[in-house]
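The two complexes that follow have chain A in common; it is paired with chain B in the first and with chain C in the second.
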Partner chain A sequence: MFFLGDYLRESRIMLLHYFSGVGILVSGAIHLVLVFFVGSYEENLSFDGGIFSVIAVYRNFAFAFTLELLLIFVAFHAFNGLRVILIELYQGKKWEMSVNWVLTAIAAFLVIYGTRTVLLARLI
Partner chain B sequence: MEISLSVSRSTPKRHFEEFTIPLQKGMTVLDALIYAKENLDHSIAMRYSCRMAVCGSCGMKVNGRPMLACYTQISELKSNRIKVEPLDNCAIIRDLVTDFAEFFSHHKSVHPYLIRNDVKEQDNPVKEFLQKPEEVEKYLQYSYCIKCGLCYSACPTVAADKEFPGPQALAQAYRYIADSRDEGIQKRIDVIDTAHGIARCHFAGTCSSVCPKGIDPAQGIQLLRRYTLSLKR
Partner chain C sequence: MSSSAKRTPPPPVYKARRASLLRSWLWPARSNLGRWAYTMQRVSGVGVSLYFLAHIIETGNVVGGLSMWSVPAYDIAKNNWNNTVDFLKNPLFDLGLVIIGFLLTFHTFNGLRLFFSEFGYGIGKPARPDYPYKPKSQNTLQDLIIWLSAILAALAAVYALNVLFG
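Coming up: the complex of A and B.
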C-alpha cells in the first residue's frame, strides 16, 4: 500500500487500517477456535512428536487460510501503525518516502516469508 | 486585595517577571496585564483589541491553559497567583505575542469560503442562495470561530506535526463542506486527505475543551472524516 504513495489517499489507507484491525480480531478468533478444535494442545505441546502435530494442523485448508489472512492483516496493521507514528515524529518528503519504502519492503518480506512457511508446512 | 501576575518575557532570554496588581471586581486577565503595562512596565508586549472575545487577539496561556485574556475573569481562576505565557505551537515574536502566520496559512489552505461551480452566477447572483434552518444548523456553530488559535495551541498533533492543519482549519473545512450552498468539497478534500491531514487527528479533544466560543472542532473533524471516507456525500 505504501508504495502507491500519493496515488492512494490517506483516508483509503486508514480505512484499510480499520478493516485490518477488525480482520485481526475475526481471523485471530477463528484461528484460536480452530487450534482448539483441529489440534490437541496436549499433542502440540508434547516433546515427542509435537512438531508434527503442529504441522498437521497446517494441512487443514481453513486453518492455513485463516492463518494467512491473519498474517496479512497483522503485517499491514502493524506497519501502517508504525508508519503513522514515524511520519508524525518527523516531517519532510524524503523522510516520508524512506519510511514508506522501507516499511513496505519489511512488511512484504514478512508476508512472503510467512506465506512460504504456511505453504511448506502444508507440503510436508 | 492584590494578586501576583507572573508574565513570560522573551528578552534577553525567556523568563518570568512578577507584578503585583491591585484586584478590582470583574477584573479580567487582560485588565491585569493592561494595568501592569500602563503602571509597572511599559515594555510588556501583548496583542489585544476588542476586549470582549470577538476579535480573538488576546489568546495566551493562563495558568497553563490556553484562554482569551479578555474573557477570563481573575475571580474564576480561584488563585491569587496568575501565570501568563504565550500560546504553544506558535513561534514567539515577543513576550506574549505569537506568530500566527502558520496558523493562518493552514486556515487559508482549506479554502474557507463558498465555492460554486458557476463562478459567474456566484459573482453576479440573480437570486438568493436559500437554505432551510436544518441546513444552517449543520454548520452554524463552526461559523462562530474567531480564529483565536487556542485550539491550534492546545492540539497535541500540531505540537508533533507542523504540517497537520490543526483543529481550526479542519473545522472550517467541515463548515464549508457541510454548507448546502457550497460545491467545493473535492477541492478541500484534496487538501486535507493527505498523510499529514485529517487522518492524523487522534481525537484528544483538547481543541473543544479550550474553545472560548463553545465550538466543538473535534466533532467537526469526526464529521469531516465521514466525508473523506466517502461514507457521506
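Coming up: the complex of A and C.
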C-alpha cells in the first residue's frame, strides 16, 4: 500500500514470505497430523464422536488457534506468491496496482470468512 | 500534451513475448534441474492456492456457508457438514486430493531448500568464476534436495492413494 512503501519494500515482503512459509510448516503439520496421523481418518472427518472430530478440534482453543494462524499464514503466503508471479509476467503501474488491490481484497475476504468459520464453529 | 492525446497501443511484439514467457515458464526445455524446480514450485504453489480457496469455502459450510451469519443449531451444523462430506466423497475429488498431496509435499521440501538458500546455507561461498564457469550455487546438494522433494512428493501421493482409495 502507498503509505507503507518505505517499510514494506520488496525484500521485506519476501522475508515475510519465507517466514510465513516456516509458520505454515509448523501449523500445517499440526493440522495434517490431526486429520491423518492420530485416530482414524474416517472418525477425524466426521462431525462428532471422536477426540479429533471436526467439532472437537474447533472447541479446543489451542487447535482452533492453530487453524486461525494457519489461515492467516497461508492467505499471506499464497496471495503474495500469486502477486509475484503476476508481476513477473507483466509490468506497469496500472497492472501492479490492480494486482495488489484485487489480490489483497480476495485474501482479506478469505481471512474474514475463515475466521468466521472458526469463531462460529466454536460456539455450536 | 493535450488530454485528448491518444495513447499508442503497445506493439504486437509484446503480446508474443508474453506468450513465449509463459511457455518457457511452464516448459523450460533444455534447462537445468534448478530451473525445473522453479517451474514446479510455481505450478505447485498455484495449485495449492486454488485448493486453499476451495478448502476455506468448503469448511465454511460447517456453519452454514454464506447464507447464515449466526450460530447454527447443533443438528443443522451436523447436517451441513455431512452433506458437504457426502458431496465431496467421489473419485474425482479424491484424485484431486492425491494431486494436492503431491504438490504440497514438493512445495514444502523445495521451499525449505529455498529458505536455506535465501540465508546463504548450502550454496557455497562466493568465489572467483573460473573455467568451466560452473555456478557454485548449483551444486550436488541442491540437486539432491530437489530430487528428494520429488521422491517425498511421490510417496505422499502413494500415501494419499492408500488412504482415499485403499
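What we mean here is this: the second predicted complex is superposed on the first by the 97 of 124 C-alpha atoms of A that agree within 3 Å, B and C clash if a C-alpha of one lies under 4 Å from a C-alpha of the other, contacts with A are read in each partner's own complex, and residues count from 1 in each chain.
Everything that follows uses one rule, which is that a residue touches a chain if its C-beta (ideal position, glycine included) is under 8 Å from a C-beta of that chain, and two chains touch if they have at least 3 such contacts.
What you see is a predicted model, and the numbers here were worked out from it, not measured in a lab.
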Partner chain(s) touched by A:Gly114 [first = chain B, second = chain C, both, neither]: second
Which superposed partner A:Ser11 touches (first chain B, second chain C, both, neither): first
Touched partner set for A:Ile87, first chain B, second chain C, both or neither: first
Partner, of chain C and chain B, that touches more residues belonging to chain A: C
Which superposed partner A:Ala78 touches (first chain B, second chain C, both, neither): second
Contacts of A:Phe61 with chain B and chain C, given as first, second, both or neither: neither
Which superposed partner A:Glu96 touches (first chain B, second chain C, both, neither): first
Chain A positions touched by chain B in one structure and by chain C in the second: 14, 89
Interface residues, chain A side, partner chain C - complex: 14, 18, 21-22, 25, 36, 41, 45-48, 54-55, 71, 74-75, 78-79, 81-82, 85, 89-90, 110, 113-114, 116-117, 120-121, 123-124
Residues of chain A that touch chain B when the two form their complex: 9-11, 13-15, 84, 87-89, 91, 96
For the chain B and chain A complex, residues of the former touching the latter: 157, 160-163, 193-200, 225, 228-230
Chain A-touching residues of chain C, taken from the complex the two chains share: 18, 21-22, 42, 45-46, 48-49, 52-53, 56-57, 59-60, 62-63, 69-72, 74, 77-78, 81-82, 85, 108, 111-112, 114-115, 118, 163
